[in-house]
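Consider the two complexes below, in which subunit A is the common component and subunit B and subunit C are the respective partners.
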Partner chain A sequence: MTARANRLRWLVSGESAFPWLAPLIAMLVVFTIYPLVYNVWLSFHEYAPFKRRVEPVGLDNWSALLSDDRFWDSISVTFTYFSAMLIVQVVLGMAIALLLDSEQRGFGLLRALLTLTLVIPPAITGMMFLLIEDPEFGVLTWILERVGILDGTNPILATGSTALLGVMLADVWQWTPFMVLIFMAGLRSLPSEPYEAAMLDGATSWQTFRRITLPLMGKVIAVAVLIRGIDLFRIFDYMFVMTSGGPGTSTYTLSLYAWQQTFSFIKWGYGATISLVSLILILIIANLFILVSKVRW
Partner chain B sequence: MASVEYQGLVKNFGSIEVIRDLSLTVEEGEFVVLLGASGCGKTTLLRMTAGLEEISGGDLFIGGKRMNEVHPRDRNIAMVFQNYALYPTMKVFENIAFSLQISKVRASEVRRRVEEAAAILNLSEYLDRYPRELSGGQRQRVAMGRAMVRNAQVFLFDEPLSNLDAKLRAHMRVEIRQLHGRLGTTTIYVTHDQIEAMTMADKIVLMREGQIEQVGTPDDLFDSPRTRFAADFIGSPSMNFLEGSIEESDGHAYFRSPGLRLSVPDKMAENNSVTAGLRPTDLVIEDSGPLVGDVILSEKTGADVNLHVRTESGPIIVTVSKEMSVLAGDNIRLTINPEKLHLFDNPNGVSLRSN
Partner chain C sequence: MMRMLVAYMVVALFMFPLYYWGTTAFKNAKEIFNTPPNVWTFSPTVRNFEEVFGISLGFFRQQEVLPGGGNFYMAPRLWDTIVVALGSTVLSIIVATLAAYGLSRMNFRGRHAFVGWVLSTRMMPPVAVAIPMFFIYKNVGLMDSYLGIILIHAVMNLPLAVLLLKSFFDDIPKDIDECALIDGATRWTIFRRIVLPMAKGGVAATAVLCFIFSWTEFIFVLTLTQTGLKTVPVVSSSFVTSTGTAWGNMAALGVAATAPAFLFILLVQKQLVRGLTLGSLKE
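This part shows the complex of A and B:
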């Protein structure tokens, strides 16, 4: 047997991990690593429409960011959305999980129903809420006008001060159940003995939650926050469907801005630069969070 | 401190009755051990006392007050669990201090009481550790510390020593007894280990299938078991049982079994089916003894030797001092003081002797 045949045999035998990893590595290279590298390269270039080619522009794209007000607006919108949604969904998710964490009749069905929102594509959810918040026939508009919060002159999604709230509603509806499911799984895996001990120690429900449940759930909460946080930071679909970023820049997120620069204005290099900023920011935030949360992963 | 009283207590899990019409009084300051095989309902009884299990029927009184529907946190009871049930995310100090902190005791007072308990339990240097960084014995002591710092009316222990090794168990038995001596708190202690029960209890409650088999001091249960079950459960090695009958001749009662005739001290009616119980320690090797057998195995336990003897009436175990130098294969004769002979009616197993 030749040495070459030997080597081949080694490759396909179970002793080498490479054949098993190869498809994954190929996918990673094609769909993640190459686009990332290309994106970095692109951020130092720009498409010249009249010459129909990409030309190097040095640091122009990066320095342009500094004086681009719309870019800074989109950063502020993204951060507002990101932090508000994380807080609301963690708090609401935990509250609902605690309520549903019970063996009462019907709760099993309720838990199953919760998963339904997760299978709907976000763009469809966006369409649903566009209708719900429609100024003419939206049910939410109708209710809010009835109770006197709206007076018919400021449509929810077309008013600067309420448009982002209108979009957030869709996000809360769709993604709070995700938090509920994760938290409920966490709650169910907790040991029962500390709770019995706490009961005998005289703890009230709130004291038990504060001193025992929350610390025990730390890891679960951290994982949920991380997954959801990364997702929230690149939010795109709801704004794209519901407001296109408007009115003004009130719902313009980083992802939406990068998309607009790339595909509407054909500024490929600038779009790439914005999306790179988004990537860098989320990496920093995620790692800071892991550091601060002190969770041992 | 408070007394605990059960009146006709019942507990059902679905259609299964695990506690049946149980009545018992634990006096103020008493150390009572609930003893029984696993599944006899002793832990359920303890958890009902704590309020962790609902009471299906009957009444529970603590300190004279009916407690059936009172929430566990309002019963002022401290409990030490089998697997300790420490708070995993709190350090030892917080674990012990928790009950005080949530009841808004002043921080300086909390510190004083926790440190005092830690000193008694040899935990002072571990206050800054998490439970996962402690050994089993240390965790056990933290669980006790948690009970100690509270001025609870009643202490409940649920097989607290079963996860410890033999040596530590013996040590902790003494510590728990000393703790009781110091605090004098009414204590109910659950165990399946008859040695724990014998060494620690003021009063043993022997349970069987959800009912009380016998209540008494350790000596009562050892010397005067009221049933064959009680006789069999207490003592190690277990009591020897020989099947036979009671016969009367010339105004005297005798226990008769193949190759054996033992006189019975009490007046007793003839009975053709009884079981005689002989404790291994009550049998004495004597050349004129009525019970003859061959030693088939000799087990050394240190100071004593357990001889496994085959007799015409059945196999028995005899505990003798190791100085006796009896070997396997020897033929021996045994005698027993008639006063130490236990007799049980068949098949109900009730003692025939009115001790």
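This part shows the complex of A and C:
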């Protein structure tokens, strides 16, 4: 036995993981590190339309951020969207997961149906809700006018105060099921003993949820929040097809603002700078969250 | 019983937009633009599908002019989407199975940090990659090419594929590899002949998710194509024209493009949660 163990140790000792990882490393370096370096370079340059070339501008792009109201608006829209959507989707997702967490017949079908929203291209989801929220013939508009919430003068997506809500609706619809599925899997893997003990002690269902389910679900919730949070912070598709950031800056997220600066306003360097801000913020937030929540891969 | 009823109502609420979009694909213009909206009553037509895919389905022919009226022939765009999704999935899976095997089976200094790096590439906002890639692709001539989009979609899916496959490989006992090693098998043989076949369910589930994420991706295709290929999500905004939006045609394309994805997602229900959490939660 020791001979075999020794032989194994000898076989494994000279091994290198590098050949296995080389293609991955090559692709990630070419498609993430190199663009990142290029982006940093770009952020110190700007396209000069009259000279038709890119010129170094030093720190101009970075200092311009400070006095750019639209940039600060987009920071605020991004954080509003990010936090509102996380809270709504976690709470709603948990409620629906608890509702659907049953061994009864028929619940499996409901769970399977909910997964369908996840595979629709977000751009097409945006279009779906553009139709549903259309000011003239949208079905949601019609319902809201019937019950007196809307009066026909304020189109949902063209009114500053409701446009972001209109976009959020698409997000809630598409991604709450994501939370539901993950939470349901978490609920099913919980041990049954604490619940039996709680029942003997006569705990109410709220107490059971608050004192047993929530703490035991900690890791599951943390993973779901991390993954959803990353996607929420870089949200782009819905705004691009539904509102293009408007009206005003009410639905301008960082990603959308960066993209538009580069490609619509031909300010290549400035767009790159904004996208870097977005990158830095998400890396800080996500890594802090990983550190605090101790989520591990 | 009460709970069942509420559960059905909640799910029905989530299914309503799908129903509404799905039926829009079978409505004519007059029904789409009707107020109050025709939710339950309409006379089904396949004209939208005929127009979008340039085929004749022969029945329910109706001849209203759609707003935006022009030519929304989209069959080539569906083809583009399929090529890109298949190509990027194959590439992702090849690179990721190799890397996942290395990460799962071999010990090396900094392995944890390496996994962290792979994960951090998943955090990059697509726009922060798309902007520089636009200029890089312009310089190297990958703009508007299948290869260019396939490469970027493959990279986009790599963190998911690597972490997920690693979690599937971790489920296979290391003893199996070690016994085979002692008996003289090479790592490559073990990978090909033992580990890959044992993890084939996991590989299939990973491939399905990569396919779906490429299928639904928006910003890279939007940025890195101009006149050549375009995938379905990106082309959907072209149905909005100055004279109106061709909702029926757009919905028809949407229905045709999401139906296969529905099938795929139903096939991987068992591994779905593990996939959505990049392998960190197992059911």
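Following the convention adopted for this analysis, the second predicted complex is superposed on the first by the 274 of 297 C-alpha atoms of A that agree within 3 Å, B and C clash if a C-alpha of one lies under 4 Å from a C-alpha of the other, contacts with A are read in each partner's own complex, and residues count from 1 in each chain.
As a working rule, a residue touches a chain if its C-beta (ideal position, glycine included) is under 8 Å from a C-beta of that chain, and two chains touch if they have at least 3 such contacts.
This structure is a prediction, so every number in the text was calculated from the model and none was measured.
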| item | value |
| --- | --- |
| Overlay on subunit A: subunit C relative to subunit B, clash or fit | fit |
| First, second, both or neither for A:V223, with subunit B first and subunit C second | second |
| First, second, both or neither for A:L66, with subunit B first and subunit C second | neither |
| Which superposed partner A:R211 touches (first subunit B, second subunit C, both, neither) | first |
| Angle at subunit A between subunit B and subunit C, C-alpha centres, nearest 10 degrees | 90 |
| Superposed model, subunit A: greater residue contact from subunit B or subunit C | C |
| Which superposed partner A:L200 touches (first subunit B, second subunit C, both, neither) | first |
| Least Cα gap, in Å, left between subunit B and subunit C after the two complexes are fitted on chain A | 19 |
| Parts of subunit C lying in touch with subunit A, wherever the complex brings them together | 3-4, 6-8, 10-11, 14-15, 17-18, 20-21, 24, 32-37, 39, 94-96, 98-99, 101-103, 106, 108, 111, 114-136, 151-152, 154-155, 158, 162-163, 178, 181-182, 187, 212, 215-219, 222-223, 232-234, 236-237, 239, 247, 250-251, 254, 257-258, 261-262, 264-266, 269, 272-273, 276-281, 283 |
| In the complex with subunit C, residue positions of subunit A that touch it | 4, 7-8, 11-12, 15-21, 23-24, 27-28, 31-32, 34-36, 38-39, 42, 96, 99-100, 102, 104, 106-107, 110-124, 127-129, 131-132, 136-139, 142, 173, 176-178, 181-182, 184-186, 188-189, 220, 223-224, 227, 230, 233-234, 236-237, 240-241, 254-256, 258-259, 262-263, 268, 271-272, 275-276, 278-279, 282-283, 286-287, 295-297 |
| Subunit B partner contacts - residues on subunit A that touch it in the complex | 191, 193-194, 196-204, 207, 211-212, 215-216, 218 |
| For the subunit B and subunit A complex, residues of the former touching the latter | 50-52, 71-75, 77-79, 81, 83-90, 98-99, 102-103, 146, 150 |
